[in-house]
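Look at the two complexes coming up: chain A is in both, with chain B in one and chain C in the other.
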Partner chain A sequence: MNSAAAFFKAKSEGRARAVFLRRNGPILMVYAFILLLVVIGITQSERFFTERNLANVARQSAFLGIVALGQMLVILTAGIDLSVGSLVKVSILVSAIVMNGESANVLPAILATLALGVIVGLIHGFLINELRIAPFIVTLASLVILRGIGLTISSSPVGKASREVMMFYVKKVGPVPIIALMFFALVIVTLLLLRYTVFGKYLYAIGGNTEVARLSGLPVKKTRYGVYVLCSLSAAVTGLLWLSRMGVGDPAIGDGIELQTITAVIIGGTSLFGGRASVLGTLGGVLLLGITANLLVMLGVNQFIQGLIQGVIIVAAVALYKQEGD
Partner chain B sequence: MKRILQCILLVSLVFGLGALSLAQDDMAGGMSFEFTDEQIEASPYLQSVLSRLDETYDTSDFAKEGPYRIAFAAQGTSNAWSALMDAHAYWYVEHLGEEVVSEFMYGDAQRSADIQVPQVEDLLAQEPDAMILVPMGAAALSAPVERAMMQGVPVVLCASAVETDNFVTEVGTNLWTVGANLAQWIVDQLDGEGNVLVMVGVPGVTTSDVMEEGAQAVFDANPGINILDKQPGFWSTAEAKTIMETWLTQHGDNVDAIWSGGAQMSQGIISAYLDAGLDIPPIGGGEWQNGFLRLALEHDIDYLAWQYPNAMITLCIDAALQILAGEPIPRFIDFSGVIPNSEPFTDEQGAEYFREEWSDDVHGPITMPDEKLAELGFATMDDG
Partner chain C sequence: MQTERSGIGAPDAAFPNMSEYILEMLNISKSFAGVEALKDVTLRCKPGLVYGLVGENGAGKSTLMKILAGAYRADAGEIVFKGQRRDQATTADIINSGISIIYQELALVPQMSVADNIFLGREPRHPLGILNLKQLYTRAGDLLARLGITLDLRLPVSELTIAQQQLVEIAKALSQNADLIVMDEPSAILAGDELDQLFSIIANLIEQGVTIIYISHRLEEVFRIADEVTVLKDGEVVAARPLAALDRPTLVELMVGRSLDEIFPQTQRERGELLLVAENIATDTILQDVSLEVYAGEILGIAGMVGSGRTELARALFGADALTSGHIKRIGKDDAAWSSPAQAIRAGLALVPEDRKRHGLFTALSVRINLTLPILSRLTRLGIVRRKAEERVVQAARERLSIVMSAPDQETQFLSGGNQQKVVLAKWLETAPDIIILDEPTRGVDVGAKFEIYKLMRQLNDRGIAIIMISSELPEIIGMSDRILVMNDGRVAGELTREEAGEARIIEMATRSERAHKPA
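Our next item is the complex of A and B:
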């Protein structure tokens, strides 16, 4: 009897392990690939695994990572936000102009930028909910409009960050840049949001089947308003971080960020059709892209090759998830 | 032996850059130009360049024993000009030898400031001895340059400027003077009266904006010159041709001269005129670009060409080595007259600059061997 119980227990554990591996295999592969890149980095460059470079990679990842988290939430609801790059552009301009190098203007600049994020998110939510325009169309139009607004504000650098805002970029807690800590904190908050809050459950439900969610009485519209506001806020925050990095409002910043965020989210195992997302996967996607970019600079590889490698990573990731789905 | 080689190299660098600083006293921008006080007052760029012409930087804090690890944050292989700048850089480093430059770290910005900013951070994380930067945005790269200097990495700006003054030296030319002289040539061609079209490069990019500023100052000082229109051609032949076609529809043969911020755009302008079957007016704004010269020779076009040789990267590398040797260095190094055949020229000398064996996208002068250029696919070698 004991041996039979032990047999069934072992079988059940084996099955659980198999289910875990089947569900998380592709994400584990992403982290295995990151590990491989780290090993390549260590063996190929003596300066790769240094405190300075690791801090550098962590801080750089935050710039993509914060928007990628927002993008992941939108994609989880079967939506998409193509406007995040243009919103980063307008955010850096607005914050730089309002701040104008004055410490006293830091708070108004932050509030104005965050308000901009909220307004853009609400507009997206309105057009998608009330006018029933597809998220792809709404945010594509928004990408073009916001870019136009940005270049109308100024086609050359304007405004200025205050001294403290510029110093924020290099600030560290121990060896870890404060911007990287901010990102990791947001990763944990997003993880908790999706696992333990009703809002998180709604996101999965809406992404899984919007019609069923609506018929079940879930607040689909409110949730969509919320998720687009969160995504736009993440872009606005990233605009503020860019201001801290550059010191001025440069309209050249922001183009193409939307595609990088979607890439990171896809690599992380979030389904473009909604209903499935992984915060740790998105973190893996962000780190994978960040480490790849860093390593290729370390190895002196040109950017075209970097684009090629990113493309291969996306195809490989999607192929892995497809296998899992099958 | 290594020490002797290093000494010879350093002595030649000191003499080379000494000659270079003497040369720039009377050769700002490769052409002479007398600035008025008002022009200097109105242009922060002019103020910066003119003041730095007379300054030297005490580099003793950066002095260290070689061989050196140098970082190169490049524009990237986004067009033939920058691809050849990279090729010059690698060839020159190889030519200097590992006993001088032990590691040459490279970042390819793809002509984008938001790619270049993190790349500069990646390069700095490798703790280079010096950094050569081709800035993709004067404002965008200012903070990264300041952070590099704060980290103790001396920065040499190559081919473009940043807004901060906290760097060691800049290699380039006085772009305001270039723009002004191209405009002055047009004024002289028209005896001070006529209709002019202005095609600038990329708005917001320092090289383009400063040239435009210089040109505008000259046109403003000549009331007989009527600017019909001013548009950006984005340093693109295709964009320039589209704009020129529209201009020709609008202004027809009422155009007396064209100011152009680059040879690629001048090619588009010429092409639009050829399609329209109209006479091509004088163009202030060619370059030593083989395709432009071919077209200009074939159609007997009047032009003034300025130069912006990608070979200036060799001076940038020399400057980095001089800094690391602890030698004082001029804060602005004008390549004009230092790199052979880098002075402006007109259509009368065009045939001397044209190279049949080069492909159309090559910008001269080229200082690396012909074999190297052929190896890169930019030239054909004569079998004989």
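Our next item is the complex of A and C:
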């Protein structure tokens, strides 16, 4: 037996760390790039490195980041959720209408919005699990339907946030906006979820090989319901945050969030084919997009060029993972 | 046909003492669409022994094990495991009752770690679904220690060798407290000394009282580790004996010894000129040091077991896999050499692949498109496809091969297997090749279509076209080939003329294990 032990030991020992570094090397590069952008910002613009601007960047990153975390969990299972932008839109409208500027209505508005998120997530889960429709199709339909519902509710701003809700947007702990802290807390929770819970492991397993997951007796359907509900919830919460920022139910909010979140997740090294995800990578992706957008504004770059630059970043990131990952 | 039943496999033996056997599969029968895959098969296993289950491809080994696993239901018969009826159990019940099956395609999640894979679905946990990582790693480590191996528990299994992945599967089986482990062709994915490691682990498991059913077509392996051997042939048990009561020739004879049940068209032909020479070729795959010659107007049969390198040889000849050594040369036609399928086609080769649905046909597209795609540039004028020319090609192919279809626009997925195969053949004939490589040309094809394909092959020979035919069906190899190359473990084990060839001889060459004598 000793020879067998030595044989296999020699081949595998101590490689886990090397593999981890190889897989996550590109994420370090994302952070290095963020650092570079910050340095450019500090040296090229007086307004970039101010408390006020950094607080703004942090808030904007939180708005994108919360949904991106939900999106990442879905993509980890080899799924996708295209409906998050439309759901943010419906959420801000519903919460604004229910709240209608009254403090007494804050709790009902929050509960109604979260309930909306849960329902949409369950519907996605049902269609994907029971009717076996591809997640792309299900959530594409849901994108169109929810947008239609939103624009039917109102094509102009409706409802009103209560005073406390509006104050929530500017509230800070020390120099840090509370919304940014909230996002940071969710990053930690997601990290723990993936690392230390059975649910987290099942997300990897389903994304890695659904058939194996099924044959191993995993609750594949339940897990899928769970992950789509979580993702929709993240969109509903973001709708509430948008209400605190806008003060009214603005139907223009939410468009394009799905693509931005997918972009952030991909930059963060999560595989669109499932089975591999990185929370810190997604955080990096979110920050990279947020800082790029902010910096381009600060430097007075034409906003249409921003899209071009984002596109280049996506291709560069994916090319990087291809080189390092295989 | 001689049918022997003796020892523990005898279905008519006195009803045994329940405690003596851990597993009894009694009088199992199973048909698929009217074809009997298993007929009255009985398999009994005592605890702590290794049972070899052998037979040719298609003898019913896998079907029997899938019935045991609960993946198929038997039409008749019972399964008793540890004294309990199990023939209506689900896959999950079977696993829980202590049976683990390790398939050739390993069931692991590649991105997850060794420890995660071992306990997938049965993770040690705290309340609230929190993982007990400490226990996960300790228990995974203990299991590997029981197997006498060391693996980095945190390494994703995609980073492991295939042999190591197989060990993870075995550890997974142990973690499920398996009393019976079925290994389906475990050696097919192992190389060289890895096999010895597997055997020492099996010995270790046996010491711990685990029962092993070892499915293999490599007789050497069976002789090395089995205590009892059950031979399946055409869905029936032809022998079930202690290993001591068997010798190699007897076992080979039990496995084959069938008469040719197909009529093969015969014509007397002279071998034509030399068309192709391959010398000492090897690729990144299993293929090593293969040399061959191909002559005009002949059929060169390539025999060998699944996984012996036959398909890899076809791919190498066709330029689909890059050569790591040796060379292939077309004789005549400027002595062309090639390194891609496109160049190979220009040099006059055609490959009709084994898996026609994946590699040979666009199943969602029409017969017309499938037939004309390789030659489309010849049918165009100013880049626009000439409908009439296309129509002529389709009609000609339809008549020459008697392809049965409702219309040229019918999608090929709706054709029968035989007609699909004819479309693939017709497609390549349009490129006017000199050498056609046919990989399993009659797999999944009914008898009538088989005969037509054989006839067509002879017609092609008459036109001077050389055919390289890979087949698992020995009667087909023997009946059709002018010369036969037998592959074994990536090498040519020998060349036989039609006169020399017999099923036993080919099987013997294809299964002889040379691993023991190979330098490490």
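Assume the second predicted complex is superposed on the first by the 305 of 326 C-alpha atoms of A that agree within 3 Å, B and C clash if a C-alpha of one lies under 4 Å from a C-alpha of the other, contacts with A are read in each partner's own complex, and residues count from 1 in each chain.
Criterion: contacts are C-beta pairs under 8 Å (C-beta built on N, C-alpha and C of every residue); 3 or more make two chains touch, one makes a residue touch a chain.
Just so it is clear, the structure is predicted and the values come from calculations on it, not from any experiment.
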{"item": "A:A252 touches, of chain B and chain C: first, second, both or neither?", "value": "first"}
{"item": "Chain B versus chain C as contact partner of A:Q60, first or second or both or neither", "value": "first"}
{"item": "Touched partner set for A:R52, first chain B, second chain C, both or neither", "value": "first"}
{"item": "First, second, both or neither for A:M298, with chain B first and chain C second", "value": "first"}
{"item": "Chain B versus chain C as contact partner of A:S156, first or second or both or neither", "value": "first"}
{"item": "Touching partner for A:V170 - first (chain B), second (chain C), both, neither", "value": "first"}
{"item": "Chain B versus chain C as contact partner of A:Q44, first or second or both or neither", "value": "neither"}
{"item": "Those residues of chain A which chain B touches in one complex and chain C touches in the other", "value": "none"}
{"item": "Residues of chain B defined as touching chain A within the complex", "value": "76-77, 104-110, 112-115, 117-119, 121-127, 136-140, 142-143, 146-147, 163, 203-204, 209"}
{"item": "Chain B contact footprint on chain A (complex, rising order)", "value": "45, 47, 50, 52-53, 56, 59-60, 63, 155-157, 166, 169-170, 245-248, 250-256, 293-294, 297-298, 300, 302-304"}
{"item": "In the complex with chain A, residue positions of chain C that touch it", "value": "91-92, 95, 107-113, 116, 120-123, 125, 129-131, 133, 148-152, 154-156, 159-161, 164, 167, 193, 197, 200-201, 204"}
{"item": "Contact set on chain A toward chain C in their complex", "value": "1-2, 4-5, 7-9, 11-16, 19, 196-201, 204-205, 207-209, 211-213, 215-218, 275-276"}
